[in-house]
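After this come two complexes, each holding chain A, first together with chain B and then together with chain C.
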Partner chain A sequence: MSDLAIDLSGVRKKYKFFALDNIDLKIPEGQIMGLIGPNGAGKSTTIRIILGLVHQDAGEVRVLGHRMPAEQVAAKWEIGFASEDMRLYESMTLGWHMGFIQRIYPNWDAAYAQLLLKRFGLRAEQKIKGLSHGQRVKATLLLVLARKPKLLVLDEPTTGLDPVARHEILRELTAVMAEEGRSILFSSHNTHDVEQISDQITFIDRGRIIDSMDKELYLDRWRRLRLEVPHGVELPALPGIVGVQQDGRLAIATANAYFPGLANAYETSGARVQRIESMTLEEIFVANVQYSREEVEA
Partner chain B sequence: MRESVVGQLVWKDWRLQRPQIVIVLAWGAAALTIVRWGHQNTLVVGGVLFFIPLILLAHILPLAGVGNERKNQNLAFLMSLPISSIQYTSSKLISSLLIFLVPWLTLVSAAVVLVETRGVVPRGVIPSMLILAMMPVLGFCLILCAVLVGETEGWGIAANVFCSSTYGLAWFFMTQLPGLMGPAQGPVPVWNSTALTILGSEVSAAVLLLGLTYFLQSRKRDFV
Partner chain C sequence: MNGAFVISQSDKRPMYLQIMEQIKQRIAVGDWTEGQSIPSIRQLAVDLEVSVITVKRAYLELEREGIIVTQQGKGSHVASKPGLGARLQEQELEQHLEQATRLAALMGIRPEELENRLREAGDRITEKETI
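What follows is the complex of A and B.
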């Protein structure tokens, strides 16, 4: 029995103007993986392949031990999927949707559903067309969470939400993880949301995974070094430095594998290290994407 | 107890499209009431009014039941459920046929009973009437196929326009067939080879279209 909730190896999918190229993605059970990428990076295509809705041209996809897309029906009994572009039936009430899902899923937890109604400030008798965008997202998540899935796949669920609604949803997702063995794949271009709840982060750009590791490792490894470069001093090319921006006597070096020896190496070359700064996940994401694109174009 | 997901999807469609069924049945019943008066003018008006809801249902149901689900982004919600794309197709074919055929069979049966028992028109008209009533069924199957397989509103509209413009033409050609029009004024229905061939062709074409839909859907690699 595999202990990976999601296991993608060498997955390829080619469209006329876009291709997913050799995607390897592994999410251990009980982990929250944040999938971050700019618009059009391939997040939604990857997620649709994971759900068996899009067939890969090459590569292996296993979700909760099931081969996809062949065993998608068996897998989807244990997957809860919500996406930003998913809509419920406008003319029906939330209660009608709850009844519909309850009749399908034997694991439906009616008491938890009632609790979520309260926590999210929703009313079962309200028609979907009368709900705000935030309430619709919460309603969709309620329908997903109350069926108690082993794996949650969320494609940009917090897009367009106000900060309070985002906080409520992220808090609920964190609470879900209190139950052992549950896993979440959370895609977004909002790095702040992903940073709050994820254990692991994967960056995707232009159909390629450009980096994937533990969140704390990212925050630990990436640093920005502010340097003063005296006239006549040339900054050396150092391992672990992915970009240097220089403007006269001032330079900023970005490191993706920082270690104290880097600062010493700059000092030895004649530059003066003014400050070593931590980077936010958003800064790491942008730097990572830029570095990756430069690498590809070089 | 886990219930059949396809069964739940069919139930869901039935529940969503129930108002359409009620409207069509009420409209058809009103048309047959007008036909029952038995005057020349009310026969024509009632006859025309009788076919309008059947044609409307045939043309609107695939767009409302399948096309709108895609347009309104409900499809991602459905496909997140434990079903495959071919099970989704099965549920759509079953529910659409059920929702269309229940009012169609009810109204066509009522019309046949009316002709048989009330004698408002000669009984010989029954074969032509059934051939005419089968046209919306064919149109329904074609539009359903276009909407399911084509995946865009454009295909549904194109099939709609094609069917709308074909009904009149097909009826014109049928009125030129002596084997069909001759016995229509008679006191008993005549099931000659002309009537049976046309009716058989209509049924075969409908079955073929549904089979083709199923086949084309099963070959799709990307669904949402």
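What follows is the complex of A and C.
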């Protein structure tokens, strides 16, 4: 069992109109975890609890072995956090910010910072107020990356970016993983980004974790079965099937725990399996949120 | 660098399958030869800008198929089996044939008819080459 970079168990936080309910979240060291969920699902609250910025009502939070929020001061040296609402000094240059952070964090890697400047197409002489949205995001990320933190926590790092900037950022995030023992947690609406670079996936909706596991295993469990249902044949209810849409003689069944026996069971019932398709994370995301909401309401 | 590896977004197959296919192609065309060491999982993940776990899955499956060998602490290399290139081409042919058969069934084409079509396709190719 490898060490955990982040270990949440039974975490609860109640607000007037929203509650995080019994959050269990484990990220093994050396891995990237993508946190996916609709707006208002609880992604940012979860991230803020991990950072010790918001205190949980109940439950255990350990980050790089530090108990949070009690040991957040010690933990902060090893954690790099970036979010959209990060404040930089508008009238100062990026270079001024780099010098500022360098004085605080002993791990600052000046050569790496210069390399990132070049790769992100930024200039140290630029004042923050003159930066575009994409440049701001990249500047914030540069300031965090060059500290070489053991754990990177990024709240929506690619939201609102053009495809080129997104690509530059994803490239730097995967490059971090060349060094073993470093970990990343990032939240995103962009399922494609998550599918591309995550080792682990966590789905969160309405303050609850719906699924949290190895990405490859996860993608492997979901399948779409295209069926031909002859007249008079009724499709059986099968375990692992989360939804069936039927229109005339054609039906589509969605499985969240696929195994070849499922296709055989449909064939035995008299239906014909035309095709078994894998699903993208985006398709799984939508199907999963709908299914879990139906489950809760049922 | 592994610059010529490209994960296609319009390719509907999972990423690990695409990586497997591209490694097989490198072996089939002779760029990666028997016994040659290949990039570490972590290195290829960085080069391809995909997660480590996806490359790990591709390597595991390739190992299961006997195409590469991974040794703990020593990295991976192309398996030393004679005729590997030919075997990979054989597999590819198999896949294309299956695909054609499936499509034919969907279109209601009978197997005998499909055989004829295949012969015709062969004739067309020979024709083109003689022109």
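Everything below uses one rule, namely that the second predicted complex is superposed on the first by the 295 of 298 C-alpha atoms of A that agree within 3 Å, B and C clash if a C-alpha of one lies under 4 Å from a C-alpha of the other, contacts with A are read in each partner's own complex, and residues count from 1 in each chain.
Just so we're on the same page, contacts are C-beta pairs under 8 Å (C-beta built on N, C-alpha and C of every residue); 3 or more make two chains touch, one makes a residue touch a chain.
From a predicted model like this one, the values you see are computed outputs, not experimental measurements.
Enquirer: Touch test for A:76: chain B only (first), chain C only (second), both, or neither?
Expert: The first partner, chain B, only.
Enquirer: Between chain B (first) and chain C (second), which, if any, makes contact with A:125: first, second, both or neither?
Expert: Neither chain B nor chain C is touched by A:125.
Enquirer: Could you look at A:92 and tell me whether it touches chain B, chain C, both or neither (first, second, both, neither)?
Expert: So A:92 only meets chain B here.
Enquirer: Examine A:174 and indicate which partner it touches, taking first as chain B and second as chain C; both and neither are also allowed.
Expert: The answer is second: A:174 touches chain C but not chain B.
Enquirer: Touching A:247, do we find chain B (first), chain C (second), both, or neither?
Expert: Touch partners of A:247: none, neither chain B nor chain C.
Enquirer: Could you please specify the touching residues of chain B with respect to chain A in the complex?
Expert: Checking each residue of chain B against chain A gives 1-3, 5, 8, 12, 15-16, 72-74, 76-77, 79-85, 87, 221-224.
Enquirer: For the complex, which residues does chain C have touching chain A?
Expert: Result: residues 7, 9, 12-16, 42-43, 45-46, 49-54, 56-57, 106 of chain C touch chain A.
Enquirer: Can you list the chain A residues touching chain B in their complex?
Expert: Spelled out, the residues of chain A in touch with chain B are 48, 51-55, 72-74, 76-77, 79-83, 85-92, 96, 100, 103-104, 106, 140, 144.
Enquirer: For the complex, give me every residue of chain A touching chain C.
Expert: 30-32, 167, 170-171, 174-175, 177-178, 180, 192, 195-200, 214-216, 219, 274, 277-278
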